[in-house]
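Lettered A, B, C, D, E and F in written order, each chain numbered from 1.
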Amino acid sequence: MPLLHPMKLINIVANMTLEERLVDIAEAHATSGYTILEARGAGSAGLQTGALEGGSNILFMLIVTEPKLTEVMVDIEKLMKRGHHLACFVTDTQVLRREKYAD
Amino acid sequence: MPLLHPMKLINIVANMTLEERLVDIAEAHATSGYTILEARGAGSAGLQTGALEGGSNILFMLIVTEPKLTEVMVDIEKLMKRGHHLACFVTDTQVLRREKYAD
Amino acid sequence: MPLLHPMKLINIVANMTLEERLVDIAEAHATSGYTILEARGAGSAGLQTGALEGGSNILFMLIVTEPKLTEVMVDIEKLMKRGHHLACFVTDTQVLRREKYAD
Amino acid sequence: MDVSNLLIPAVLFFALGFLAQGVKSDLKFPPELAKALSIYLLLGIGLKGGIELSHAHLGEAIEAVGAALFLGFALPILAYAILLAGRLDKLNASAIAAHYGSVSAGTFLTAIAYLNAQEITYETYPVIMLAIMESPAIIVGLLLARFSRGISAQSEDDARENHMGELLRDAFTNGSVILLFGGMLIGYVVKPSSLDTITPFFSTLFMGALSLFLLEMGMEAGKRIGEFKRVGWFLVAFGVLMPLIGGTVGLLVGHYWLGFGEGGTMLVAVLGASASYIAVPPAMRLAIPEANPSYYLTLSLGVTFPFNVIVGIPLYHYFAARLAGV
Amino acid sequence: MDVSNLLIPAVLFFALGFLAQGVKSDLKFPPELAKALSIYLLLGIGLKGGIELSHAHLGEAIEAVGAALFLGFALPILAYAILLAGRLDKLNASAIAAHYGSVSAGTFLTAIAYLNAQEITYETYPVIMLAIMESPAIIVGLLLARFSRGISAQSEDDARENHMGELLRDAFTNGSVILLFGGMLIGYVVKPSSLDTITPFFSTLFMGALSLFLLEMGMEAGKRIGEFKRVGWFLVAFGVLMPLIGGTVGLLVGHYWLGFGEGGTMLVAVLGASASYIAVPPAMRLAIPEANPSYYLTLSLGVTFPFNVIVGIPLYHYFAARLAGV
Amino acid sequence: MDVSNLLIPAVLFFALGFLAQGVKSDLKFPPELAKALSIYLLLGIGLKGGIELSHAHLGEAIEAVGAALFLGFALPILAYAILLAGRLDKLNASAIAAHYGSVSAGTFLTAIAYLNAQEITYETYPVIMLAIMESPAIIVGLLLARFSRGISAQSEDDARENHMGELLRDAFTNGSVILLFGGMLIGYVVKPSSLDTITPFFSTLFMGALSLFLLEMGMEAGKRIGEFKRVGWFLVAFGVLMPLIGGTVGLLVGHYWLGFGEGGTMLVAVLGASASYIAVPPAMRLAIPEANPSYYLTLSLGVTFPFNVIVGIPLYHYFAARLAGV
């Protein structure tokens, strides 16, 4: 089997207005890329039906190495401290082609 | 690094008509929220191209504590027993801000 | 609690033109199904804003048993060797109803 | 039966989508576009129906509603009997039967385009019948399934799913029903000068939007061919046989009961012959979860829909014309 | 106040969506359809405004812009004071206030449809005022929040979020502002014969597309009723009170300051009374993240919007007519 | 070259989108809306082409098709040679070359809007040429890549990817080709009275829908500026140079070979100058996966498209007019 390498998958569910900030964070830490999906839902910020920009979520996914995880978490934590409503959860994952993902 | 806390991420892929039932389950167990993404696919219920309501999936995501996982699984199992076609898979995850997620 | 069974969740983020190839791989290995979500993002292949087919991603999800994981990884690795740009990451997961997922 | 009559945009767009799938084109439609178009089309039919209703003769309208109810209740029972005779299990039979008692707006509108192209006039009551026929078949499907499951199955867990009131409510608050009847009501109560402001959107564009929708449905139909083996040849044969039966019943109802002419009779035949793929599948997902959606979607979308568009419409027209003595 | 005046497509489609939600219909709209429609509608209003502007009398236009700025700055301050008086925390008060200083294009367009249906003429300046009023309220919201947070809170981390230049830029490059002003500029500079090529799309279809949008917004409004308990009854009451206050201010401005007739005065009242649910919520998400979006979305979309469409519009019209002595 | 000629909706909407991106507006388009619009526009062009074809003079049409094939085969080879001279690797060169041999429907339609605004007539054959030119360039790209890889690379794994029949099939069943040719066929075979039913949708709305599409494409172009550094300045320069070369070839072909007037010659220049960003990128994704999509998308969408819309179109028009002796 092709080798799989352990990495961290960061998932953030937030209002779509936060997209640029999240992309900035990814770029600031020179990750190899990022993935965005349109989402809906509900949480402490209320119903997010997806029909209006103010009520639409995205799921932002970022695969990073363990050391980068720490850096990114610090930035996400800052966003939350400022009051932004978001759910952030991190999962262990294994990638094909370790070299694709910046150290 | 900001602390990460272990939680369970429940993923359910089902026809979009099941959305209200899944939201009801989330609310019945007083989870802090839920996330929904539009999906397509194929499975035992055939091709789900997403073009028609009868052939469109959603991916329903629910972050819960370990004790709540059990309760929710019982309800999902009931849906499946009634015959509903769905894929349910649970992943270990770690969240930022434990207090956001109801016990 | 209803029993949960360990499985592997394969995630592939790739340009939407690769969809048919990925579905072929899933069918070639007789998986019980597959799930597709529309995605955007950025990576070594540049910006994927989702507005044009040449710049749109999908997230392809495949739940398989451990032995099938190996087979599928070989096929994905082939795609990558041919030059296709994609991110592939595998996560441990646990499913409800083991029997739904082909061996 | 002049094949050149099929050279109308609606049919050709459908065929284009079907062929694109056949040659494995990478043509893709955004999934949400089909949903947006079906919302638009249902509202548009509803509005048209409401406007017609406001000009309609009450007695004739009631007659047409009666005939629609008859078709909506009788056809699924007929379909159910045939399916059981073919040894299909009762729950799948119930779910499939419901689809054939209901109607396909796409097929109906293609038939209208077909008549328009040949400048054949038609009664307007079938539009109203179309709206009426959404619900009864769903109810029959529910009743058949309830009957199939037997009383023993009514465990406590099933409370919500099987509570009859709940199920009836679902049949009448179905999204498609809301759009059709809501549109109808608006078309009925709003005075013409006010309606004129939305006519360019809902009426002038209608046939073009329908073409785009049919292109997409052609692709959807094409994709289901791969599922034929899975559903089995008995069911595929049923998907061709049942529209012929439903169409025949429709022809008889249109001509003898309702006294319609060539165009109207043909439209009633199409109502009888067509099977739902928008309104009924989600309803059956909830009401008869035990049934396999692959069966009913493949049949209504992959077999009966293309059959009606290519073969059925000219066929029903041929017989409607003979009945009408044209 | 003749209720039958409300039997226009815009209002009825809104009511249909609201009712569909009320009867728990499974009717669903693709989320992207609402977004596409709002882009279309904002561009369409902008273009219309630009065309009006190119025919406008400069002095009157400047007067109208002045009144719009006044409303956009004064109303949020008024709203803020009321909310503080009701003991709401300052940051939530700032965010909510911004919504009420801005406007709801959906409500405004419904008012236009209402006037058209009754063949009441109106001044065209309110369209320009609508575009102007997007930004000031956002700025006031920012200033109120900045003031509420106090200087102590200005930690280094907050640099970007609180840099005033950045925030002002956001207020003027807001997506809705770009669409409205961009459309306005295009409508203003393009010569009529060139504009004619896009008129069928942006103008002829406009009222129909609005109806579809309002159907969806009716559903959105209906979904927010479930959040009333969460936001509390004081805020729900504010959502009814504030449009009455804003409407009154608008009536006075329209009649006494701008000297508009029955139609124009009513439209200015609607500008004052309505609360934004397209442009301002995303702006507040970024500028006042501490505020709870559930509060402002529920109020503007779930309370004030339906109130204005059903009760407010005929009410403001009634008073505008009295003021105009009609 | 009168700049005021650029004050047409198509160009201004494009510029608006581009500027919105420049000022970092948070304006967002639902991704599916762009895809829906491009499906609509391709079908609309196809239908228009088919109607033109049904009125066309056979000899002239064949001549135009011949010229289109020439451009489609010759331009990518030229582009490939230039890119290799600039030391780009062969596979990226092949993929980029294919884009420049094909055409951009958005640019072509903007050119049509430009001519309409100035009431300049034009031959209708370029519409047919547009449809023809989708496939040859893809085929040339495939052949160049195959040649670049050399025979050694043909491992077993590559069987499917490199099977020539498969690749040719892909070139002709490409989604855009299906929409253009399908539309063309329908426009050709359907009789005018039947086509009239879909004209309001596909033709009356066309220029408005194009404007919306261009607004979105302006934003897309603006987003790619950030990628300039990544693709390198040689390629960016190529993105400006190649349209000038292609435009010159197009001018010569239009004037001397096809004998077109001012309008037609300019349109052939635009066919030569423009680079595909709808049809060819997905084709190259599959056929030349080794190439970097960031290169070809940035060039065609971020450099050549804005260059053609703002500078190229008036430039080609200027020379077309001189050639035509206007």
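Note that in this section contacts are C-beta pairs under 8 Å (C-beta built on N, C-alpha and C of every residue); 3 or more make two chains touch, one makes a residue touch a chain.
What you are looking at is a predicted structure, and each value in this text was computed from that prediction instead of being measured.
J.: If you check the contacts of subunit D and subunit E, which chains show up for both?
T.: B, F
J.: Regarding the subunit D and subunit F pair, does the interface count as same (over half of residue numbers shared) or different (under half shared)?
T.: Result for this pair: different.
J.: So using the touch definition from the top, which pair is joined by more C-beta contacts, B-E or C-F?
T.: Between the chain pairs B-E and C-F, C-F carries more contacts.
J.: So what's the Cα centroid distance for subunit A and subunit E, whole Å?
T.: Subunit A and subunit E have C-alpha centres separated by 33 Å.
J.: Nearest whole angstrom, what separates the Cα centre of subunit C from the Cα centre of subunit E?
T.: About 44 Å separates the centre of subunit C from that of subunit E.
J.: As a quick test, compute the distance in whole Å between the mean CA positions of subunit C and subunit D.
T.: Whole-Å distance between the two chain centres: 36.
J.: Which whole number of Å gives the spacing of the CA centres of subunit E and subunit F?
T.: About 40 Å, centre to centre.
J.: Would you pick out the residues of subunit B that each touch at least 2 other chains?
T.: In subunit B, the residues touching two or more other chains are 16-17, 37-38, 40, 44, 53, 91-92.
J.: Could you list which residues of subunit E touch at least two other chains?
T.: Within subunit E, residues 24, 26, 28-29, 31-32, 35, 175, 200, 205, 282, 286 contact more than one other chain.
J.: Among the chains present, which pairs are found to touch?
T.: Result for touching pairs of chains: A-B, A-C, A-E, A-F, B-C, B-D, B-E, C-D, C-F, D-E, D-F, E-F.
J.: Hey, which residues of subunit F end up touching subunit C in the complex?
T.: Interface residues on subunit F, with respect to subunit C: 29, 31-32, 34-35, 38, 91, 157-158, 161, 175, 216-217, 220, 223-224, 226-227, 230, 277-278, 280-282, 284-286, 288-298, 301.
J.: For subunit D, which residues count as touching subunit F in their complex?
T.: Listed in rising order, the residues of subunit D that touch subunit F are 7-9, 12-13, 16, 20, 23-33, 113, 116-117, 200, 204-205, 207-209, 211-212, 215.
J.: Using the touch definition from the top, list the residues of subunit C that touch subunit F in their complex.
T.: Listed in rising order, the residues are 15-18, 38, 40, 44-47, 49-56, 78-79, 81-85.
J.: Give every residue of subunit C touching subunit D within the complex, in rising order.
T.: 16-17, 20, 53
J.: Report the residues of subunit A in contact with subunit C in the complex, numbered from low to high.
T.: Subunit A residues touching subunit C: 1-2, 4, 7, 9, 23, 32-38, 61, 63, 91-97, 100.
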